[in-house]
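Look for chain A in each of the two complexes below; its partner is chain B in the first and chain C in the second.
And then the complex of A and B:
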């Protein structure tokens, strides 16, 4: 019974791993192919099935001699927009979440839970509903097709995630911790940043990770709110497509698009598995 | 170290409602400098609310709090210089044990030498010295509670140390030692200690003065002996002592006597002024003696159960619908059947409307 269980367990994990990893391997393999290797017959292994070439990768960097599409600038644009928006969202979202967790707000029939739900409802709404208001808003303040405009919109999209995760996290931090800090001589602000915040680092990391992921993968708003001046990575990757689908360069750009997320996932996994997520309060 | 005055304090958690419910009914009390107080009462009686009002975590709906005659009612917690220890350990899990203990002093800008000296002294008392450099989260639950306690004791100049059932998570052996330590600390530094508990033994062994609370009301303040022998209300009689006080419905029959089931019991209380003749007679099971012959102030009852507790025997006897409990010497030969129980008049407490006459 024990052996059967182990056998099934490993079989399942193996199948799952293949399921997850296969598309990546396929993309890696395709990124080194040329037109011939993709379109003539099915090929798998470099040097055996086909002669690898760097053409798919070279196309992604624009050079005067060879032409190509510039993906470097959109790449850094995406990094800038995602990081800035995530950072602002985490800072503002954490402060909002702390207030929602610790203080009681009343405005008519509105209570703390309603405010929290208001934040979450921004994510429940289909993004298309927001597209026209955002478009008009950005064009009115003159930030259409600019990095700053995108940052503003992304903060709106990412802050609910930060608030949502952090409210839940702070609710699980006993209020006695803040009270102890007050008794030990902190003022409420010191109690927050000297005591509560260091205890909340695991929550901040999780919230930060979600913000980065959702910011990085957004195509919809990046597509609608930019035209020529500024482009973000997802839009640029899609723009690589043409009448003859360049599978090789699409694969290469897809790989470098997910690379930052894979790095983030590994770093966070390392940190969380060290046991730092456990609150250690009781 | 300070004298703490609570003057006309009352508190409601819903003061703006049409019918506010009071967690604490109006009361006044003084906690003398350097004494040990225990607040005793069942869960939900307002003990924790009272502590939180003193430490400033809760602002009372009415009344004033004075530390050494200085009104601190409107001061926030950090300005009151008070220490409070909660029921469950609260530690700063990202800091080491040393930093945890030093935190209250660092917040108040003490010199490094002073911090070092105080942390060493407190960690010696609490036997935490060997853990000082470990991250606090690595310690066991009772060691964590010691850290909480240590943070409360590390400041010498606090107005008082408030403890909210601090020893719940600590094992009995260590509990006993810690209570003694707290007493020593109190005697050495003359710190005012206030200790909330629902365990009467803890309260009795720890405190100079015990404050008994029930449903937001302070029902009695006094020495352990007073609470035991002269409970001011039937509640205190029930709550203090194990087993609870024997309380019988009775009727006033003459100037000093009451009648239980037509048996006249003399007391030392003067009962002439009472309008309502229905009263209650309270007597501790420790004071009821088994006697051979019937006589004045004896009750004939049938013994139904004898429980041997090792150091004493607990007798349960019935007289019609009354149940009488008596604690007797374990050497006393006794058998199931009819017995005579003597009730000493000087130990009788008579209650009218649940209050001692």
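And then the complex of A and C:
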């Protein structure tokens, strides 16, 4: 029974891994093919089946005037918008979450839980509902088709995630830890940044990771709120798909657009598995 | 130069957490707060620390109004029943944390920390992570942090309750030593606990707290000998004092068809109904005694606790050896009548084997 279980477990894991990794391998090999190797017949193995070429990758950095698509600028735009919005969301979200976890708010019938729910409810709405208000809002304040406008919108999208994760995290940090810090001579601000914050790094990392992922992969708002001045990576990648699909450069651009997320995942996994907090706070 | 509380009341919801509590704590003394769970002990300590603001009443220390001083400027230290240390710091960093907050000189910090580590027996553990320590060691770190601070008020909130039996005994012994030798005469020490035995061993001034109200104040010996009423008798004994409703006549105490010769110290009591109190340890197995039925027998360490029943009366006897009993078995017990207490119908102590002394 034990052996059967182990066998089934590893079989499933193997199949699942193949299922996940195969498209990546396919994309990697396609990105090194040329027009002939993609369109004439099915080819698998480089040098045997087809002659690898860097053309698909070169197109991505060439300016449009020379027949390229230049995804370098959208790439850095995406990095800037995602990182700025995530950072602001984490800072504001953490402060809001700490307040919601530690202090009692009352305004009419509104209590702490209602405020927390208000934050989360921003994510419950389908994005399409928000698109028109956002569009009108940004055009009124003149930030349509600009990086700053996108940052503002992304903060609205990402901060609920930060608040949600951090409220849950702070609720699990015993209140006595803050109290001990106060007794040991910290004022409330010092207690927060000298004691609570250093013990919240795992929560901050998880919240940051989610913010970066959700910011990076957003296509919808990047598509609706930008036209010509500013373009983000997901929009640019999709725009590659014109009358003749250049599968090779499409694969290459897809690969480099998931690369940051893979790096983030590895870094976070390594950090979280250190178990910095386990057993410390009972 | 005392810590004085006057009529402190705290009622955050429809229940009193503190109900008109007054006290006058002097420097260099040990005060123990005895009370059951949720009796308001933690609220009491947190009010002194400044973590809670009472609804009414005054709190002053060294003739200054304490309520105007925020927590971080009051010179207090507190050890919680949960082992609260800073998980991101190692043992040494944990202990110097409050000293660094106060911006003491490096040399002073060094000597103070070493002294504290020595007192709690954690020399050699300076660089350990908190997570690597056992519960007892974690509580020692918390204690060392409080001691190194040399606070003028040291609060200990049931510091031993989350430790296992063996460690509790051991640490309690060490606490006694630290409190009698290691403490400066400038410190007011306030220790809360649910365990009467701890109170008796620490032998300080006792405040018995129940539902936020002070039931009795006095030296530990006084609380033990003359519990003012039934509630105190129950709280200050473990197992709780047995209470038997009965009638006293000129020669005998009568309850449940049992008649016991009235002890000498009862001779001035009027003949009427009383609640007679007797400690579990004053009930012994004896073949010539009264027959009771065993409801439950608990063996703890080297003792056996017998839960006995006869008619409507239930009592607990403490037998100082390990014996095996069957449930519903009948046993015979005798009462040491010289150790009977008498409480009147409203629960006030009217006669005690040690003589009532309310002074």
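Following the convention adopted for this analysis, the second predicted complex is superposed on the first by the 276 of 282 C-alpha atoms of A that agree within 3 Å, B and C clash if a C-alpha of one lies under 4 Å from a C-alpha of the other, contacts with A are read in each partner's own complex, and residues count from 1 in each chain.
As a working rule, contacts are C-beta pairs under 8 Å (C-beta built on N, C-alpha and C of every residue); 3 or more make two chains touch, one makes a residue touch a chain.
Not measured: the values here are computed from a predicted model.
After superposition onto chain A, partners chain B and chain C are found to clash with each other. In the superposition on chain A, contact of A:199 is made with both chain B and chain C. Once the two complexes are laid over each other on the shared chain, residue contacts for A:108 go to neither chain B nor chain C.
In the superposition on chain A, contact of A:180 is made with both chain B and chain C. In the superposed model, A:126 makes contact with neither chain B nor chain C.
Counting contacts as defined above, chain A residues 174, 176-177, 179-187, 190, 195, 198-199, 279-282 meet chain B in one complex and chain C in the other. In the complex of the two chains, the chain A residues touching chain B come out as 174, 176-177, 179-187, 190, 195, 198-199, 201, 279-282. Of all the residues in chain B, the ones that touch chain A in their complex are 55-57, 76-78, 81-84, 86, 88-95, 103-104, 107-108, 137, 141, 148, 151. Those residues of chain C that touch chain A in the shared complex are 46, 49-51, 70-73, 76-78, 80, 82-84, 86-88, 97-98, 101-102, 130-131, 145, 149.
Interface of chain A with chain C (complex): residues 174, 176-177, 179-187, 190, 195, 198-199, 277-282.
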